[in-house]
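Each structure below is given as structure tokens.
Each of the next two complexes has chain A plus one other chain: chain B in the first, chain C in the second.
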Partner chain A sequence: MTHEQHTSQAPLDTDAVIDRITRFVAEETRTTPDSDQDLFTTGLANSMFAMQLVVFLEQTYDVTVAGPDLQLSNFRTIKSMAALVDRLRAQSATGTDV
Partner chain B sequence: MDEPLIAIVGAGVMGTGISTLVVGHGLPVVLVDIDRGVLDRATTAIQHGLRHAQLTGALPPGTAPGRLRTTLHLQDAAEAAVVIEAVTEAPDRKAEVLAAVSALVGPATPLVSNTSGIPIDEMAAWVKDPGTLIGTHFMNPAYLIPMVEVIRGPRTTDRTVQQVLSTLTRIGRRPVVVRDAPGFVTSRLLHPMINDAARIVSEGTATAEDVDTLMQGCLGHPTGPLRTADLIGIDNLVDALEELHARTGDERCRPSELLLEKVRRGELGRKSGRGFYSYSEAQS
Partner chain C sequence: MSDASAPGRQDTWDLVRRDAGAWDTAGEIPRTVLSELGAAGLLCAEVHKQYGGLGLTSRDSGELTAHAGSLCSSLRSVMTSQGMAAWTIQRLGTAEQRAAFLPRLTGGRLAAVAFSEPDAGSDLGAMSTRVRHDGDGVVLDGSKTWITAAAYADLIVVVARSGDGAAAVVVPADTPGVRIEKVAHPMGCRAAGHAQVHLEGVRLPAANVLGGGALALPFLITTALAYGRMSVAWGCVGILRGCLAAVTEHAATRHQFGRPIGEHQLVARRIAELYAAERVATGVCREAAEHWEAGSPSLVISTVLAKHVSATQAVQGSASALQAMASAAAVDGHVVARAYRDAKLMEIIEGSSEICQLELARHALATRRTTARKESAQ
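After this line comes the complex of A and B, so read on.
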């Protein structure tokens, strides 16, 4: 488990996170969105795809999205998803599991 | 206050989705199936579905989920206030389960057969009291789609209709009651359209993506007919088309060769990872 703890504490480069999420969205939708484009109002994402984004972030970044974080506004743009990943990893690093 | 227990029989895609919907609205569910593995997978899928529903704002905020119990014993449905049968779309199987359930439950307990198109009255002779039998046609995923088609059979009593409407309202659904007929309203319209969409693809008129894009962009369909086929499950769709064809004689309901071929290849849609589209693991 020490290895996992180590990786979950390692800081991530936000640009790299944005790139990785952009690649995933591009693979799934065959469209490369801007990082601050609203994926839902522009029709790229729908309610089914939203949950795929949750699972993708959880599996890729070893985080759990739960409670009040589990809301669409966190997944509207690639930037907002990167910010969520950043915050969840910071929380798990300091052990404040809110 | 004790919330009424809802029994759901059959833990496939629909039984799982309906269970998610019901527990998500705070009511207890007993989910019955003949296969422990299926029940275990359903339990996982229900947890996933509850998160999905929360994510999209489809659940009432601040409601603690109802208790979910899974069981291999149909007798555990005996105390239910309402029983929802959601087994495979085959009239014989449904009738058999409904007959067994009707022998267990209290008098006047509504028996709901969830079906995309089998006429309710075909199954009414099997149950102890045909007045208690009613149909629903939940869409998939049941916990995201707020509207439900309700089918009143010729023998369904007013009391049964009222009880089921009140349960559906309690779980946040908007019911629309229609009369009994093959395919009711939604499947009678949707299934031949999907079948035609598959024919259009196999004739080379357009790709699956272009068919869906046109139906979305020009005609306001939310996902397109072929993405809908993948969501329904192409095997289930073929079964439903065959049932419709047998009852209506409408040639548009005879399953197209492309749909049959996809079933033979195991390309059943989202649930198998591939149908008209490919789905990665993260999507299922």
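After this line comes the complex of A and C, so read on.
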């Protein structure tokens, strides 16, 4: 497991985030999905894997995915996860809490 | 963890050790004992200090859970419920909800989490309890079954359907429309306060819905259960430690055929089985705790593994313990007799062994090439 702890909340390159999440999904599912593929309807993800994704994003990008963000829509595709990371990092940079 | 190294007052642990058998036969732990442990933060020891908790790490909290479990699995079950409620509030609640509810759980109030329903056990997706918005509040209707600690709880975190999704709602047990009906004679953890929870037109402020809106049911269940499974796994370590202490003491001091029974090879084998069970369960729990502390995604699977392995080991180990102690332990209330009954329940709750096995198999299948590639690269 590669640990990419970001202590500062500098903007991230979205392509790099998509690439990193794709690698994680590939490691855990032996399939490399397209960034806009629905992971749940195509059978790659289930509720256990969804939680792995939550913890992965939290650990890798130093964010907290709290209650209101635990929506399947946020985890449905790699792009939607990258967007979530982007939003959560922007929120924590401005000190906004849920 | 010994009594001396466990957080909390020595005399409290002495009391638990002395009275656990009586609580088991009576089917009840005195409210004052639970309130005192709760007010000391010991029932949900991972809650952050800012909310009055002890802020223990996953590993230290696990060792505390095992300590309680070695003395009284009913008390440990109450800890599991309280900890799971606190974790759910921490994880799903807003900052205001954490500030409103968590200090109550570290201040002596007791809590439970209600998932299971008569027609939704392993298949929690089939749950029918529903929460709907009504004016500026919400209304809950449905029935929950076999809810651990619900007979003691001041607050019950009820998981319900909400629109197309789900919600976790904090329900004060004294709200009109809430009826708690204790399970009469549970076969294990007899004093853990298992109860049915009936909800009829239970009206609450919208502020009691954790996170405010509807969440995905699978997320909600997996999140809350993860904590409960770790707690049950450490509780099983405790069951094994309680058995090991009783059996080694007995086998070293009871003489038959002119020598301590521990020197008879067939009894010695039981002791070895029990010792191995305790070490194996401790090992899987420690690995999972490391993953929790590191924030590693591996915590999801290692938690399922810890729960499944520890529960299985507890069932086998407690059976070995009872066989080795024979009539000396074959009395209700005895620590080993309790272990034998309580362990079996641990294979059933918080995801049955079968559900855990399905999840482990699914993970093994999904990651099979990754594993092969990693091994060949070494």
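We take it that the second predicted complex is superposed on the first by the 90 of 98 C-alpha atoms of A that agree within 3 Å, B and C clash if a C-alpha of one lies under 4 Å from a C-alpha of the other, contacts with A are read in each partner's own complex, and residues count from 1 in each chain.
Just so it is clear, contacts are C-beta pairs under 8 Å (C-beta built on N, C-alpha and C of every residue); 3 or more make two chains touch, one makes a residue touch a chain.
Quick caveat, the model's predicted, so the values are computed rather than measured.
S.K.: In the superposed model, which partner reaches more residues of chain A, chain B or chain C?
M.R.: C
S.K.: Which partner does A:29 reach: the first (chain B), the second (chain C), both, or neither?
M.R.: It touches chain C, and chain B stays clear.
S.K.: What part of chain A is shared between its chain B contacts and its chain C contacts?
M.R.: Correct list for chain A: 27-28, 46-48, 50-52, 54-56, 59, 66, 70-72.
S.K.: Going by the contact rule at the top, pick out the chain B residues touching chain A in the complex.
M.R.: Touch list, chain B to chain A: 48, 51-52, 54-58, 144, 222-223, 231, 280, 282-283.
S.K.: Any idea which chain A residues touch chain C in the complex?
M.R.: Touching chain C: residues 1, 24, 27-30, 46-56, 58-59, 66-68, 70-72, 97-98 of chain A.
S.K.: Using the touch definition up top, name the residues of chain C that touch chain A in the complex.
M.R.: 91-95, 165, 210-213, 215-216, 218-223, 226, 294-301, 304, 359, 362-363, 366-370
S.K.: In the complex formed with chain B, which residues of chain A make contact?
M.R.: 27-28, 46-48, 50-52, 54-56, 59, 66, 70-72, 75
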